[in-house]
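Input: structures, listed below.
After this come two complexes, each holding chain A, first together with chain B and then together with chain C.
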Partner chain A sequence: MTKVVILDSDEKILASVINHTGAEHRRLANKVMEEALEQAGLSFDEISCVIATGYGRITVPFADRQITELTCHARGVSSFFPDVTLAIDIGGQDVKGLKIKDGRLLDFTISDKCAAGTGRFLEIIADALGIKLEDLGDISLKSSNKVSISSTCTVFARQEVISRLSEGTPLEDIVAGIHDAIASRVARMVERLRVGPDILFTGGVAKNIGVVRALEANLGCEVLVPEEPLLSGAIGAALLGKEITLKALANGESIRKGERRLDEATFFK
Partner chain B sequence: MIELLELCGFEKQEIEAELPRIEKAFNRLGITTEDIERGKQRLNKYYDVELKGIRKVFRLCVREVVSAVLAREEGKKKIIYGFMAPGWEIIGSALVSKSSEVYAANLSWAFQVVLGCVFGKIVPILEAAEKKWLKAGVVTHCANVKTFLGLIVSESVPRPDMLITSGSLCETAPKTLDLLHELYGIPVCCYDTCQDRELSDYLDGTKRAIDMSAKSLRRLTERIQEVVGFEITNDMLREVMDARGGLDRGIRNIRRLIENSDPLPIRAANDNLWTILNMLTLSIDDLPDAIDATNTAYAELQERVDKGLGVVEKGAPRILAMLFAQHADPRLEHLAGELGIAIVASDIGLAVPYDGATEDPYVEISMYLRGSLSTSLPRRIPLIVEGCKRLKVDGVLDRFHAGCRFVSGDAPLLKDAIEKEIGIPVLLLEWENFDPRIYKHEEYKRRLEVFKTMMVKKPA
Partner chain C sequence: MAWFIGIDIGSGTSKGVITGDGEIKAYHLLASGVNYRMAAQKLKEELKAKAGLSEENVASIVTTGHGDGIIPFSNQHVADMRCCAKGINRIFPSARTVIDVQGQSSQVMQLDDSGQVIDFAISEICAGGSGRFLEIIANVLQLELEDIGPLSLESENPVTFTTGCAVFGESEAISRVSEGISKEDILAGVHKALAGAVFALVNKVGLKEPCAISGGGGLNIGLIKRLNELGVQLLVPPQPQLINALGAAIIAEEQAVQ
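And then the complex of A and B:
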């Protein structure tokens, strides 16, 4: 997903846009920026600093700076919950664990070798089960006897799910088993980063209440979820943009590279 | 080919004389015209070949590879390969100094430089080993062992008359060599270096362990004497050790200069070359060339330092990298440099020799084996922590060789200790120090970029 957040100088969110990321990153960046500006009622020239983050950050043609998504996540997470010391972000591409102190990233772990446990994994499982992705959470909460899904590989887990279905296992028990498989894997992954009880869960998968509950069970504590878990990185980027702007102003410098324009751009340009 | 050899430090006259041998050896190794072109590009891209000293190291590596491939047909009557056998390079140097009919080498290192780093073509050798018992896939077998096995089973090098190893650093090496003995009847000698001690003994570096290694090394020499048919005297070893002292000092001087310079005066991938240079079983006649390479490089680097020239910006985050630079693929070190991270040292540069002196060469080699790099974690941790403080690094790249029990288990413990003692970030990176196939550019780039932001930058 591609997200845009526009903050004002008081750190109030003026606009936020979330859209599906396609192949043409540059064109999409322009499109979502246009939407965000319209929502905020601003012209592009009124934006003091544009920070791009995430996988596609180098393909945002109008960005003033690029900052890694983990740094942005750490900053964003701390703005919601200053006491949080561990953030778990499960997005479409990967799973991240962030150890944070005072908004600063101290350590991290990333699972980006395979799709297991990611949002994409859940999409594939939902497709195999013939249900909507957004329904997975509520369905799993009805389970009274979750099954054990042994495969951590997306393809093998899908086979296992289909096999369970053919055995007549109730849908909710399969979905709960899938959520537990993700949660136990993530809990092991972030174990080394844990220093306290305050744990925040962000990313698209944090919208799935079933995974939230499974994470709580595996971590043995409550897991906090922000109001809009998809935006923590974008909010962090905007906050860092504000800091950069203030620093530049204090030094009498400009961070803008020139006139702000949303040029028509394609994947190939 | 000639351009490539010039980049590798060969002089015109030597090229004329050596070209037929080199071409024959490269043909045997399957090096094509495309490989030569790629080799030139890689040398220019990843290494500081504008420095004569660097080119001279490549020259010695190419010479070693050519000599290994052609050893049998060039009349070597006895061929001995050592593998994961620290200290063997001294005995090997003594052997090749004494007799032109003997070829002795630490087999894999020079091949990793030439086939891996230069030509980007080590994979066929690894695959040859994987077709035998070091299968790819489920179990992570060390690609250094695969390189050694692959070179032999692919017949890239002649079958040896003797194989030498130890359990000092690696338990897979003796097992692999034992299998080679079982399959091909090649005599194997594994000298004992006594790793199986009480943990408390490590802290003392016991005399008992040193005596045992020395005794085992003497037995090794007796076995070698039976194979080569001449005596290896203490004087021969002492002569080699004295000559190699100049090489050790040259390498140490370069490492100290790099560690203490800001900006970093040379790309980090070059660090591998100093490690390899020290592993070559150079004869007394060849050692001056190696020492000259280090002295030349030192002078050239000093000039860069004096002029304030660097390969990354002054004030760039300084890091210590665990493990030497990748032996067969310079891309990770290159990536770090591109991202503005200065790898100023690897833990090999923190090596502390065993504290003691002796006239007995075997005891001295054994003392070397008790040095900091081949010792236990309780002893290594304080050395590394102190090293970090001395080097004033901003972070540690703890790449752990996943196929190695000796180092992979240490990684999280080392990370905890460094973070607790110094409070600098440590990036754990699952790693293979000899296999280029594991390189995942995006994954590493992402981690290194984040790691860079975690390090507190010093003002330039």
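And then the complex of A and C:
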């Protein structure tokens, strides 16, 4: 997904747009940007600073700066919840744990070499079960007897899920088992970063109430979820953009990289 | 005269061998499907028909493989590694290392002079380390599994897969297709990735030559060439898929003699 957030100097959100990234759309960050400008009722020239983050941050030719998603996420989640000490971010293709103090990143862990535990795992299982991704959470809450999923690998877990289904295991018990499989993997992953109970869960998978509950069960404490978990990184980027702009203004410098033009990325075939 | 049956129920293909007096009398392969019990039953009937035998001629049946354990007529269930070692030892008595690449797992065994397994390494928790990875990419490219090995060798510029994960690999293959990268280059990349995963297992147990390959992976010339490039020269049996079933039949025969 590509997300754009426009903040004003009072850190009020003027626009937020979430759009599919896709193979073709990766070079079309300009289109998402146009949509956000329209929503905010601004011309591009009125924007003081553009920060790009995420996997595709280098594919945004009109950005003034690129900042890693870890830094942006840490800043974003701290703006929702200043006391946060651990942020768990589960996206479509990776899982991150961020140890944070006063909005700064102290340490992190990342798993991006394997689909297990990521949103992709859920997409594949939802597809195998013939249900919509967004319905997984509510379905799993009906379970009182979750199955244990023995495979870590997404490919093998998919097969295991299909076997359970053919044996007549109730759907909700399978889905609850899948959520527990993700949660226990992620809980183990972030264990060394934990300092207290102030844990925030962000990224697309945080929209799944079943995974939220399973994480709480595995971590043994409450887990907070921001209003729009997909936007943590973009909001953090915008907040960092404001800081950078104010600092530059104070020093009498400009951070603008030149004329504001919404070009599409050109280095793709 | 007494005859012995070895049956290997794999995740994709089920294999059966009938032996007597140490010779292979007949063999048969069929798709495992979703009902392993039915596959095993059918395999037994086909084997008997091919060998021209009736039920009372069969002295004992040893079963093995991924779908073993639920076969009602089995006289004994034997771990696939033991069957593999036994089968390879019959074909290549000199082999001291065996690489077994199956649809759901890969394993590397080190054998002693009598063909017994003395050390092993296994990859069974990740599809990226098994033949499944090849199947997934063949599916993306809409190719038959038996065609991908030879095609992969036509590549001059193999793609690099960024992870060893079969799920991410599938997405990467789709992206490469949309960028216009050739099938050959994508296939060369996936064969290299799997060869790398298998080579890591070889390094865990240590390569003692001669080394043989077994399992469905042994049918794939692309995988064999990539392993050769990594310095692993391989003895390839005529029917690598049948090795475990052969080993199972030999174990049945040996136990009857004792």
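Criterion: the second predicted complex is superposed on the first by the 260 of 269 C-alpha atoms of A that agree within 3 Å, B and C clash if a C-alpha of one lies under 4 Å from a C-alpha of the other, contacts with A are read in each partner's own complex, and residues count from 1 in each chain.
One rule holds in what follows: a contact is a pair of C-beta atoms (placed from the backbone, for glycine too) under 8 Å apart; a residue touches a chain by one contact, two chains touch by 3 or more.
Given the structure is predicted, the values throughout are model-derived calculations rather than measurements.
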Fit or clash between chain C and chain B when superposed on chain A: clash
Which of chain B and chain C A:Thr68 touches, first, second, both or neither: first
First, second, both or neither for A:Leu249, with chain B first and chain C second: neither
Chain B versus chain C as contact partner of A:Ile58, first or second or both or neither: neither
Partner chain in contact with A:Lys113 - chain B first, chain C second, else both or neither: both
Chain B versus chain C as contact partner of A:Leu105, first or second or both or neither: first
First (chain B), second (chain C), both or neither touched by A:Val195: neither
Superposed model, chain A: greater residue contact from chain B or chain C: C
Among 3-11, 21-29, 201-209 or 219-227 on chain C, the segment whose C-alpha atoms clash with chain B after superposition: 201-209
Doubly contacted chain A residues - partners chain C and chain B: 112-113
Chain A-facing residues of chain C, complex: 34, 104, 125-128, 132, 136, 163-168, 174-175, 178-180
Contact set on chain A toward chain B in their complex: 67-68, 70-71, 104-108, 110, 112-113, 192
Residues of chain B that touch chain A when the two form their complex: 412, 419, 425-426, 443, 446-447, 449-450, 453-454
For the chain A and chain C complex, residues of the former touching the latter: 23-24, 93, 112-115, 120-121, 124, 151-156, 166, 269
